[in-house]
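Okay, got some structures for you below.
Shared between the two complexes below is chain A, which has chain B as its partner in the first and chain C in the second.
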Partner chain A sequence: MAGLLEHPGYDEERLKRAAEQLPCREVQAGMLLSLMGEPHQYCYPSIFIYGHRASGKSHVINVLMKELELPHATLSCVECVSVALLFEQVLRSFFGCDVASLLPRSPSLTDFVRIYRQQSPARQTRYIVMEKAELLRDADANLLPALLRLQELVEDNVTVILLSEIVWDTFRPNTGCFEPLLLHFPDYSKVELQQILSQDRHPSFSAELYSFYVSVLLGVFYSVCRDLRELRHLAALNFSKFCEPLAEGKVKETDTHKLWKNIEPHLKKAMQTVYLREVSSLQWEQMQQMEEETGALKGLSAHTHVELPFYSKFLLIAAYLASYNPARTDKRFFLKHHGKIKKTNFLKKNEKTTNHLLGPKPFPLDRLLAIFYSVVDGRVAPTASIFSQISSLVTLQLLAQVSHDDQLDSPKYKCAVSLEFICNISRTVNFDIMKYLYDFL
Partner chain B sequence: MSKRKGKISHQPLGECITQVQRILRERYCQQKLAKGLDGVGAQHKHLEELLRRTAVYGESNSVLIVGPRGAGKSSLLRSVLQELLEEKEVQENLLQVHLNGLLQTDDRIALKEITRQLHLENVVGEKVFGSFAENLAFLLEALKKGDRTSSRPVLFVLDEFDLFAHHKNQTLLYNLFDVSQSTQAPVAVVGLTCRLDVLELLEKRVKSRFSHRQIHLLSGLTFSQYLDRVRAQLSLSDDFCDSRFAQEWNASVKNLIEDKSVQDVLQRHFDCSKDFRSLHVLLMLCLSRVTLAKPTIKASDLLDASRLCLADCKTNMLHGLSIVELCLIIAMKHLNDVYEGEPFNLQMVHNEFKKFLQRKSNSMYNFSPPVIVKGFEHLQQLELVRPVDGSPKTQREYQMMRLMVDRSQIMEALQKYPQCPTDIKQWALSAFA
Partner chain C sequence: MSTSSVSKGCFVFKPSPKKRKKQDVSQESYFIHDCAGPESGQRRFKLCQDLWKQIETETEVLQDELHRKILDSLLEFSRKCSSARCHGDWASQMRASEIPTAALMLGVNVPDHDLTFSSLSDLLRQSVTPYVVSLQAKECGALKHLLKRVLEGLMETVVAVDDEDEADQAACHVQKSVHCSLTTLCDWYIIKTKKSSNDTPGKKRPSTVTDEPEQLPPVVVVFKDLEAFNPKVLQDFILICSRYVHRLPLMFIFGIATSPSTIQHMLPHSVSSLLCIQLFQSLSCTEHLATVIDKFILTHQFPFKLTEKVLSVLVSIFFFHDFSVRNFMKGLQLALLEHFYTQPLSVLCCRKKAALHHATQLDHGDLERIRLLPSFKRYVEGQEAEEQVNLMTDDSHLKEVCQKLIKTLHKYHKNYYPTLRCLHALTSTLPRHLLGKQIRELHEACLRKNVWEQENYQSAMKLLKMQAKDELVVSLRRCAEILRSVKSKTMKNACEQLEELLCRFQQLDAAVDVAPSEDECVLSPPKNLPKKTDLFQLQKTLLEMNESRRSKKLSPFEILRNETVEFVDGLVRSHLWPPESQPLHEVCYYSSVATVKHHLNASPRTSIQVALSNPDHYLENDSLKTEDGSLSSAAPDICIAYKLHLECGRLINLYDWLEAYATVVSAAKVDPDQDAFGKVDEVKHARFIRAVSELEFLGFVKSTKQKTDHVARLTWGGC
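Let's look at the complex of A and B:
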């Protein structure tokens, strides 16, 4: 085991146990330990640890705290919706329930500090670990600055450790505050990820096979995702598929090429679905079984399964055209005898192809209906049913109402669907929408 | 003499190291300074004189200590108080009330705290007061001596003074300054703040009662003084348990400061900030590397610590992004260059990225739009891109954003990025590569 943790004042046996639980984080753990110093020594009042998700911030701290049995209070700022909860949890972990019950209803920072100071001083450093510290910015304005200098306020050997994904620069209040000691946890490298993921191996499979599987997985996902937790989830989900040919006896363990060929398309599909959370892991497993039975590949994307009434489809198409075409071009698209509009005039260079980059523009109801009547086949009377379909499109969030609700005369809308979606819709009604879009002429 | 002492109190190395760690850690964490502050002699004398007048002669005073964060305001006050309290008369007489703007967030809480710190909870009991002033007057009255002729002097220390100015009607400040103007009881009000414009925050009636005494702690430190300070902060005092070790330690510190590379590093820190706090962070990092196997601070320790201190957080975060996210960042950088910092949306970024992909024949980075969206959302979570304030709510791909990363940070991160593909590096340098 490389880079064993060493520090006087702590039990060697415990340190060794801690080091075993922290693969690839020896440097960070050692650094933290040396900053913490021996238990009775003072530690810097506040330490701010930042790094990407799943880079082992909480894990390192938790293992050190638990294995070395340091007095600590670990809390997640997500749970502490009020400061009362925060204070209570800290007091309870340090001094027990009796002290925590001394807090008055809706306690202020003063109450917390007062009660803390009444307790016996620490014989060894106490640690308050706060996860997701970025949420402290939304709390009371003076909570964060006070926590950062808590050591000074309570005059006790206490250190506040803040963990966050977000850099310290965005935390600093306007008038500044006590600057914590910043510590960065770098992301795991590809080799380290491979090493850590390979540890999850089931004992019934050989180490080589599993690490091969992990390297295939990383080959597909590494360029997109470096989150260890997510990769682990994906590895666990797809391993049974990887083993399938082995179980059926078609392929030997050593035939890595065939195994790779079998799993790779499967992983690519997982990237489109599981990774994006379009299907839950349970659904994914069910789909894998279904596939075995029927062998059919179904379209997985949830967006393709929207069914709409006939006129609603045209209304949506009209809305899309109204949103993405400039109003002055309507004449050219929807009038049979539009007179002399020269193509060169019509296509102004500078504004071409920008509509799809800038997003939908709002349009009035009149324009929507005018376009609707000209794109739909046959005559449609402007009945109540048409208008109710517009409002149901708003409810479905395919259209968005821009103007205020109380404006009854000329409500304004925006189309809130993507190009791909509208192309699918128009294909079902045999309408070539590309011909009518100014950006794609 | 020191030799004789050294023989008596020679202790094993491990014990010495532990002691060094304990003493220096206390110095850096609790701002317990080795000796009196250097370079603030005049301020020190001024403050001491003021407080002595209150403590001994019963004069009322008010003063503000103004200086940037970490300049040593609290330390100055603490060292003055420490000196004063050595005198028996002061120790017997002076009462202290310490308030902090961070803790006492309104005047009701502050008054309660004052009552508590003066140990007058029993005297107040269940009494009901008509006004704040009445309550405070009662408290001060209760402090009068048996013969009712003179009252004990009270020192009010208001840390984060500017926050008290935001309290409703500034009742506390008004009353404290009012007492210090009248002859009710001898009080000294000392405010500590980092805001130079603090007087502008005071209401007229409060301002007129303040003595307008300000002690400024604006350091005009020169580099050689800074070096002296570094040495003072690292050195051990003579009363260390093992004097021989202390001598060796101090000698090694002296050598360290004279090292050329160390001076370069310190010069950089000096140029950034001259305050104690940032220096303490640096020294704390050095100190944490002192172990039994390596009982002195080496130049390399200081260099490493400085690298850690000066490292740019955002560059560090960029280092951990996936290739897709990095590509998006580069695309945003190009958009920023072309449109001179105008906000952009995801669709534009994606378009820029696609333009890059079209120039490449191999489609190594051909990711479906949803994957790109997820990467973009991750960037938003990390607050590397931020939605523009007050833009109307639209679909997320059209939400206007701004990049929160600097151009130089991107380039620096690219240099360090592990196995960065060459074509992406090229693309980062020029939008048309």
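Let's look at the complex of A and C:
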């Protein structure tokens, strides 16, 4: 398959080397090449490449740019927190720091175009590659349309390549703009993944063995993960375990069944731990080395217990009740002599059991405190510490402030913890929260 | 006293180095002002400062010690990560290059975190890398601010963020400031590391990694309060950083107050997969508190003491409100300051030598004060008549006695704490923790009243008398160890006795080995004790056991055990007296619970109400005082408006209110018969409006649309 790429104007050796690095992307690379044309020819002003994560967008472009030694500026839109940064990076990669420093503070697009046009014209097409282009939508409204026809603006042989995970339709500004050429990178199929992954075999093992390993890996993970990057990472992490029986001399390379039996449960466990980042890769490797029962290591999500000061616990409980009980039921729950509130009246059918499905509702501070004072044992003075605990609960993200920070007058909050969490908390203070929850009456 | 502030409070003036001298004088002057004479004031001020300095330095040492452990594991982690990075073998090439991330579980005591982080980053700077930057969520509202903070923190230069509001400042930056991007940082880092490796090849870094010739120091970014960060900003920052991991050895430290699962709440899989997260548990705040109490309260070396009530207020603030050791220390500081400020006799609250010296210099006023101390009165009553007269009249004799009493007090403390620790060592392993699991609880119990008269103590002693040999010997050994390190003579004696007892236990062992007797079963009665019983049942079983025991002859072990328990009991009875029993204890013990509560657990609502209804309380102006609780018409406008509004219902008619106000205010004028009496003139009108809007600001009334010209009351109750 190597050598499939060919185009006049480029060195064949280089094309060949590029092609070797782009298995399963020959079609797309060829397409790109033909769009780009010969180096000195003008290319189409803007190209939009889209495809899922790790579908090789950046990879293909990078390989082409590097191997064919094309002048280019690659930048990520996440990083360009301001347009100034974007302009600066482009100018710097094309013309060097001196030119970049010509930009004024807070430059406008016009400044950029002006400075660009002062430079010597290109002898071959220059490329501006923008990763995560979807973020351009949040930038200045005129930035994206301008970039799409930058060639025209600067009157030079320059092409903008936009890379994104999102389709073009969501980009198009409603004022209309120049349409870029669209190029789709489809997901890799299982076979393609197998082919690509098999390429990075371990130097001290045979290609067949590694290819077998990859197929086992894909057998386990393909259903949950098709991300090439992730798969490669997992392959690297677990390969030593796969080779263990070989190194110990227990199994021969050809005895694939035994190898499979050895590695499969291990991979399954990896799926629940490292893959979800419950356990870090470093810990995972240590666990493999120690070869002991890995059950002892708790994942990140296993640690949910939070130790809180006594009154904070009750404040949180009160907040939970305020968030999940309708306000009109407070009388029934917290008033000692609530008189006759008819049961049928009290329980409105449609309202029941739905509060937890709808999520927490905001409540004012007064209500929180009223409930707090009725659930907490003993008399508590309304001291400054109580109030400061509310704000520390907010910083801990256990409560969420709904109203704006500036609103001093009756702020509103929501409770941001789960039922399980609050049940654990109430257990530690011997408070039966279920009795006070409208949904569970 | 001379502060310009209206509120009663403890004012801490942190002197700026320039003004130091002047400030010191003025601080001291607080102490000098009162009646006890300037010299004593100065001395007390000095003592107080010295003690506080001692506390401060010791806490620092303590903190460092405590953090050493986390730091060591953190260091190892960073070392492992960076070595994995430079290995260059197949696996590390293939796997994604993740950013090593230490998730530091700090607990919810947020006020303490600052200290932790500052000592942590100091240690990191000393031993791992000079490149450490700490971020706080409130400074990093947007990505560019975060980047700016990172760059500024590391490069120590001005970083330009292209912000409109900063544009006008741009003119003042003469030299071109750097751009706010990680590329800049990368370039800077490369230059920096090249330079430093050329200049000083063997930097101070401990070169434990000898196999790798050059391991670049990582760049550590500390997120102090992860929960408070905007998730989007954090995600973007991590995404950016992941593009630079190959060039820039980054490392993150997340400070987490709640639980590690917050990371998963904040970061989606696509982002968390860029991190290699490892958990580190820091010391829990309760343990931290225990060490602090151990260091500053349960020691005779620290002359300043808290009474049981004050201690329990401080401890309960800790457990009920904030879990913050820092605040506990602040409480201790407050008590210290108040003690030396309010108690003139606190000149005697210092090391023994100094105290004895100070005692010789007491003046007549001080001695009179001593004569008034309740504990001293009690002491006098215990003396013979002649001596009593002497003590009350002869100053120089009193001075001598004082010295003697100070010596006894010091001796008391010297014996008290070791005995307390012994008792704790013996009883903390007993079922149901009758005397408290923590030594703090036992200490509180001992301070409260004679511990041996408490029911729990008696039951504990009974349980001790039934303990199996192995356990008993283990805890006795621990006691011996505690006593061995004490220098006091009495304790040395006790230690000897204890060792002898231990010896005898051993001999018993040998004897049993030779002739295994039939009382094996007697040795293990505690095993039959049901683990969880209520007190009543426990006592019943105990009684029954006693009965059955009496009928039997005691084995040698039992005899020895009883002897041991008696010995311990004797020790307790002779040394664990509550401090009130000691003459002159007031010199060292701070007892004003109300002050501590007032200052540390402020209730703003109550103070506002007090200020409004009794303005004389804070203004200290007697002319505002009235007998019958009614308000003087000379009171501040807001107080009058407040008083009047208490008489209204839920909705207040503004005009009626104004008229009432004008009437009250006019009463202050000398001549009530004038025409203008009770009339609303412009000035009164304006004053009234100001008072009402102040009330609104304080949250007592608010405007309402229910009725025109009315405001709604927001509080209930009235006169």
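In this text, the second predicted complex is superposed on the first by the 287 of 441 C-alpha atoms of A that agree within 3 Å, B and C clash if a C-alpha of one lies under 4 Å from a C-alpha of the other, contacts with A are read in each partner's own complex, and residues count from 1 in each chain.
One rule holds in what follows: a contact is a pair of C-beta atoms (placed from the backbone, for glycine too) under 8 Å apart; a residue touches a chain by one contact, two chains touch by 3 or more.
Because the structure is predicted, anything quoted here is derived from the model rather than measured.
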| item | value |
| --- | --- |
| Touched partner set for A:L153, first chain B, second chain C, both or neither | first |
| Which superposed partner A:W260 touches (first chain B, second chain C, both, neither) | neither |
| Chain B versus chain C as contact partner of A:Y373, first or second or both or neither | neither |
| Touched partner set for A:L276, first chain B, second chain C, both or neither | both |
| Chain B versus chain C as contact partner of A:H52, first or second or both or neither | first |
| First (chain B), second (chain C), both or neither touched by A:A236 | second |
| A:F333 touches, of chain B and chain C: first, second, both or neither? | neither |
| Chain B versus chain C as contact partner of A:H202, first or second or both or neither | second |
| Chain C-contacting residues of chain A that also contact chain B | 276 |
| Chain B-facing residues of chain A, complex | 6, 8-9, 31, 34-35, 37-38, 40-45, 50-52, 55, 108-110, 113-114, 140, 142, 145-146, 149, 151-153, 165-170, 175-179, 181-182, 184, 186-187, 189-190, 222-226, 271-272, 275-276, 278, 356-360, 400, 402, 414, 416, 418 |
| Chain A - residues contacting chain C, complex | 53, 76, 78-79, 81-82, 84-85, 88-89, 101, 105-106, 200, 202-203, 229-230, 232-233, 235-237, 239-240, 276-277, 280-283, 300-301, 303-312, 381-386, 388-389, 392, 395-398, 409 |
| Sites on chain B touched by chain A in the complex | 14, 17-18, 21-22, 25-26, 28-31, 69-70, 74, 100-105, 109, 112-113, 116, 162-163, 194-195, 277-278, 281, 284-285, 288-289, 291-292, 308-309, 311, 313-314, 316-317, 319-324, 345, 347-348, 351, 365, 367-368, 370-371, 374-375, 381-383, 392, 394-395, 397-398, 418-419 |
| Complex interface listing, chain C residues touching chain A | 77, 80-81, 84, 90-96, 98, 100-101, 103, 105, 107-108, 110, 142-144, 147, 160-162, 164, 167, 170, 176, 179-183, 225, 227-228, 236, 239-240, 243, 257-264, 269-270, 272-273, 275-279, 284-285, 317-323, 601-606, 699, 702 |
